[in-house]
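Next come two complexes built around chain A: one with chain B, the other with chain C.
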Partner chain A sequence: MGVVAQGFFCSTEGIIQHIFQSLLADITNDVGVSFIIIRFLHNKLIYGLILSFRCYLQFFDPYVFAVTTTSFIVPLIYMGLFKLAKNKFFLLVILLFPLFIILLLRRIIPDFYPILKIYYILIALYGLLTFLAIRINR
Partner chain B sequence: MSKGWWLLLIFIIVLSGVLRLYKLSDIPVGLYADEASIGYNAYSILKTGRDEHGFFFPLWFRAFGEYKLPVYIYLTGISEYVFGKNEFAVRFSSAVAGVLSTIFIFFLVDCFFSKSHKFSLLSSFLFSIMPWSIQFSRGGFEANLMLFFILLGIYLFVNGRIISSFIVLALSFYTYNAARIITSLLILILFFLKERSISIKKNIVALFILIILIIPFLIFSISSEGLTRALSVNYFYSFTPKNSISLVRYFEYVEGFLRNYFQHFSLDFLFISGDQHGRHGVRALGLLYIWQIPFLISGLSILKSEKFLGKILAWLLIIAPIAAAVSTPNPHALRSLVLVVPLSIIVAYGLAKIRLFFIKIGVVLIAVYFLVFYLHIYYRHYPKITYLDWGDGYKKLYSSLAKYKDKYTKIVINKEYPQSYIYLLFYAYEPERYHNQIKRGEIFGNYVFGVNEQTLGKIDKLLYVSGPNDNVEGRLLENIYFIDNNIAFKIWEL
Partner chain C sequence: MIFIFILAFVTRFIYLGRIPPGLSEVFLGRVFSALSGFLSIVLIYFLIKKLFNNCDLALFTSSILTLLPISIVENRIVSWVSTAVLLIIVGYFLMIDRLIYKKIIGIVLLIIFLWYIDKEILLLERLLKDIDLILLVNNFFDLASFNKLFFVNDTFWFGGIRRYGMIYSEMIPLFFVGIYELINKKQFQFLIFGLIVLFFSSLSPTYPEAREVSLLMPVLAIILGFGSLKIFNYFKLRKKNIFTSILGLVYILILFYGVMNFFHYYFVHYSFEVEQENVYQINKF
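== the complex of A and B ==
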C-alpha cells in the first residue's frame, strides 16, 4: 500500500478512502507495466482485505496494548487472551469484539478509548489470575 | 537424506541466491553513505593496506565521526578483489550471508527433526523468501553477516563443537554493534541450556578462547571511540522523563523501554507496514507475509517443546529486539534482524502441521501471489520511492564532474551534502592518490566540501554543485537526475 494510514483504530470510511489513495499511488508508479499485471496485483479486493485486516489486527497488537494501557501489563493481556481463547464462547467474543468496535461502537461513542482500556485491563486481570493460579498449583 | 530432499534443498538455495543476487548492483538504486564508506575503505585496504584515514590494517574504521567494525569491511575487500570496486562487490558479502543463513537454518532445524526433512526445508524456504531477510541481504548491511555468524554459532554449539561455535560468535562482535547485546546474552543462554555431556574442560577452553578473542573488542567498547555510536543512538539518553521523583523516573524509563520492545512484535510492523525507513523495508508491505499470521500462531507450540530448538527459539524471540529497544528510532528492523530466524522457523512449524490437501494448495497459491506481489513492489516501486535513502544521483554526479574537473580551479559541493565526499572517493578516487594528497595537505584536490556559494569569496573558474531547489547567480551547466527524473543536483559555473 503506497500510503500508510496514521494512528490507531481505523474506521470503515477510512479504509475505503485509503484503498483508493493507495491504489492511485501504486498504479501511478506502474507506468509501462502490463494492464493485466496491474489489475492482478493492485486491485480493490486485495487492498481492501489487507487494509481491513490491518485495522482488525490492531486490536491484538502488543504495541497498541502498551499505548492504550501500560507496557507492564502486555504479557498479562496475552496470557488472558490465550487462556480465554481456549473456551469457544470467549474465543468468539474475542474475535468479534474488534468488529463490534469498528462497525458499531465507534459510531455510537466516538471516544470509545476508555471502553477499550477497561476491556484490556479486565483481560489483563484475568491473565494475572491465571498466572497466579499456575504459580500456586506448582 | 534421499535424493528428492537434496534436490529440494538445492532448489531453495538457488531460489535464495536468485532473490538476493538478481540486479544487486541496480536495486536498491545507488549506494547509501555507509555502503560507500565500507566500499572505499575496503578498496583502500586492498590497494594500500591503509584505510581512508591512512591507518595500517586497522581493527576499527573511522567513518563520519564514528567507528565501524572490521569484519564486513575486510570481507568486502575480498569481493572487490574479485568483482572490482562497484555496488555489487559492496553488497556481495551480505547477499552471500543471506544465502548461507538459508542453508544453515535447514541444517539447524534438521539436527532436531531429521526423521522427516519437511520441517527443515520449510524453515529454510520461508527464510529464503522472507522480505525481512531479502531486504537486508541486498544492501551492504553488517547486521546480515552478524545474523549468519549467530546462526552458524548456534548450529556448531548444537553439534557439540563448542570451541568453533564460540570463535564464530566472537566474530559477530566484530561485525555489528547490536552483537554487544544479542551475542552476549546468547552466549549466556547457550551455557545455561547446554547439554551436560560437554566436558567441563572443553567448556573452560572454549570460554577462555572466547574471552581472548573479544578482549580487543571489550577494550574498544569502553573507550570513548567505541561508545560514540552506542551513545548517539541510546534511547535512555534521548528520553526525558516527565516526573522528577527518582523512583517514578526509573519506572518511566522501564515503561519506555518495554514500549519500544513491544513495538518489534507489533503485528502492523511485522506483517503490514514494516519499518518505514526507506533502507529497512519496501514501506508497502510488512517484514513477513500477512498470510503467515495463522501459521505463526499455530507454530508457537514449538516453543513449549522440550527440544533444545524450542528453547533456543523462545530465547531468541526474547533477546532479539533488546538491542533495538534500547536505541532510537523504534521499531528498527535492522537492529532486530535476528528475529527473522525464530519467526521463520515458527511459521514453518505451523505450516508443517497442515494435513488437508486443499488447504496446502490454497496456501501455496496465496504464498506465490504474495511473493510475486512483494517482488513487483521491490523491483518496480521500491527504487522510485526510496532513492533518497539510497544515495541515488551521486554516481551520475561524479561521473559528470569528471568531465569538468580539469577545466575549473575549484569544484565546490554545497554544504547540504556533508557525506558526499565519500562518494567522490568511492566513484572517482584511487586510494594511493588520496593518501598522497593528504600528505601534501590537499585532501580532495580541487574538490571542496561543506561550504555554500556565499562563503566562497571570489574565485576564478569555479564550479558549484547545488541542491535541486537552489538558484545561484551563475550559468547552469547541467542537471543531474534521480531515477524518477526529478532533479538531484544542479551544476553551476560561477
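== the complex of A and C ==
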C-alpha cells in the first residue's frame, strides 16, 4: 500500500484506485494459498479502511505540518491542538476538519494548501499564546 | 510469560535459513541476530518488571516487542541493529542496579553501544562536517511521521519490509494512549532516548534509507506496553458493561487480525518480493 501518500493529501478517487492496484498485486502473489485465506486477508474493506485512516491521519502528521508550514512551529501546532482538544466543540472541529477537506473542500478548491496553511498557523498561534501564558503565570 | 518467550523463540528461528531468501553463508549471522532478538525480549521483560514493579506491564512490553514488524524483520537477518538493541537493554538493566560495579559495567556497555553505532553510521564524522539544519529537521519529522510509524516504513529499502510501518496500524490507539501515559507518569527517559535515535537517524548519509531508526524498537514496545496496560485496565474495570466488553473483544480481534496479516505477508509475500529484488539486482548491476 505504498503510493497513496505521493503528492501528499489523498483523495477518495486515489484511495479507490489504490485499493484495486494493491489487491491485484497481492492476490496474484498468493500462489498455493487457500482461497478463503486470500479473501479474508486481502479484501476491499480492510484495504479501504487502512488507506482511509492513513489518509485521515496525514492531517495530524508532524511531517505534513513541517512541510505545509515550517518545521520550527510543529511543536506549537501540537501544543495548540492539545489545548484546543480539551474543549469538546473544538475537539469535534479538529476531528472533522480533515473530512471536510477530503470530502468537500478538495473538490471545490483543488489548490487548498493555503487554506490548510492558515489553519495550521492559527493553531500554532494559539499554541504560542498558551505557551506564553503558562510561562507568564509561572 | 513462558508462552511469550516460546513465541519469541519460534518467530525468530522458524525457517531462518529460508525466509528471507539469502545466501547460505549468512545463516550463522542470522542465528546470532535472532538470538540477540530473543534475549532482548527476555531481558526487556525483567527490565520493565524491575523498573516499575509491574508484571502486566512487563508482559505487555515483551509481547509487543515479540510481535513488532521491525523487530521481526531485523531479528531474522544479519543485523547490527539487533545486537545494538540487546546492548542498550543490557546496559540500561545494569545501570539501574544498586551495585556500583554493575552500574559501571552498564555504562561501559552503553559506551560500547555508542561506539558500535558510530562505527556503523559515522555520526561523529558527520556532526563535525557542515550540516544543513533545514534538511536535518525535515528528515527528523519525516522519520517521526505517522506514515513511517504506522503504514509504510521505507527506511530499510532493499531487503526490508516497506509495506508495514514500524508498528501495526491497528496499534495506533495503544500508541497515543502510551505516549500520554508516559508523559503523565513523567517517564521522559524513554521519550528522550527515542528523540535522540530520531535525531541521529535523520543524519544518515544514505537517507531516506536510515536503518538506525530501528533502534526505536524497545522504546516503541515500552510506549505500546504502557498504552496496552492503560486500555486493559480500562476494560477490566468495566467488564460488567456489555458494550465495553464487546468493544474490547472486537479490538483484540482487530489486533489479532493485524498480526496475522503481517505474518502472512512476511512468510508468503515478503520472500517472493526479496527473491524478485535479488534477481533484479543481479540482472541490473
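Structural remarks
Throughout what follows, the second predicted complex is superposed on the first by the 134 of 138 C-alpha atoms of A that agree within 3 Å, B and C clash if a C-alpha of one lies under 4 Å from a C-alpha of the other, contacts with A are read in each partner's own complex, and residues count from 1 in each chain.
Criterion: a residue touches a chain if its C-beta (ideal position, glycine included) is under 8 Å from a C-beta of that chain, and two chains touch if they have at least 3 such contacts.
All of these numbers come straight from a predicted model, not from anything done at the bench.
On the superposed chain A, the two partners chain B and chain C do not both fit; they clash.
When both complexes are overlaid on chain A, the residue A:Ala66 reaches chain B and chain C alike.
By the document's definition of touching, both partners, chain B and chain C, reach A:Asp26. When both complexes are aligned on chain A, the segment of chain B among 44-52, 242-250, 314-322 or 458-466 whose C-alpha atoms clash with chain C is 314-322. According to the touch criterion, the shared surface of chain A, contacted by chain B in one complex and chain C in the other, consists of residues 1-2, 26, 29-30, 33, 37, 41, 46, 50, 53-54, 57-58, 60-67, 71-72, 74.
Chain C contributes residues 134, 137-138, 140-142, 144-147, 150-152, 154, 162-163, 169, 172, 257, 260-261, 264, 268-269, 272-273 to its touches with chain A in the complex. For chain A in complex with chain B, the residues that touch the partner chain are 1-2, 4, 26, 29-30, 33, 37, 41, 46, 50, 53-54, 57-58, 60-67, 70-72, 74.
Put simply, chain B touches chain A in their complex at residues 254-255, 258-259, 261-263, 265-269, 271-273, 276, 283-285, 290, 293, 372-373, 376, 380-381, 384-385. Interface of chain A with chain C (complex): residues 1-2, 5, 26, 29-30, 33, 37, 41, 46, 50, 53-54, 57-58, 60-67, 71-72, 74.
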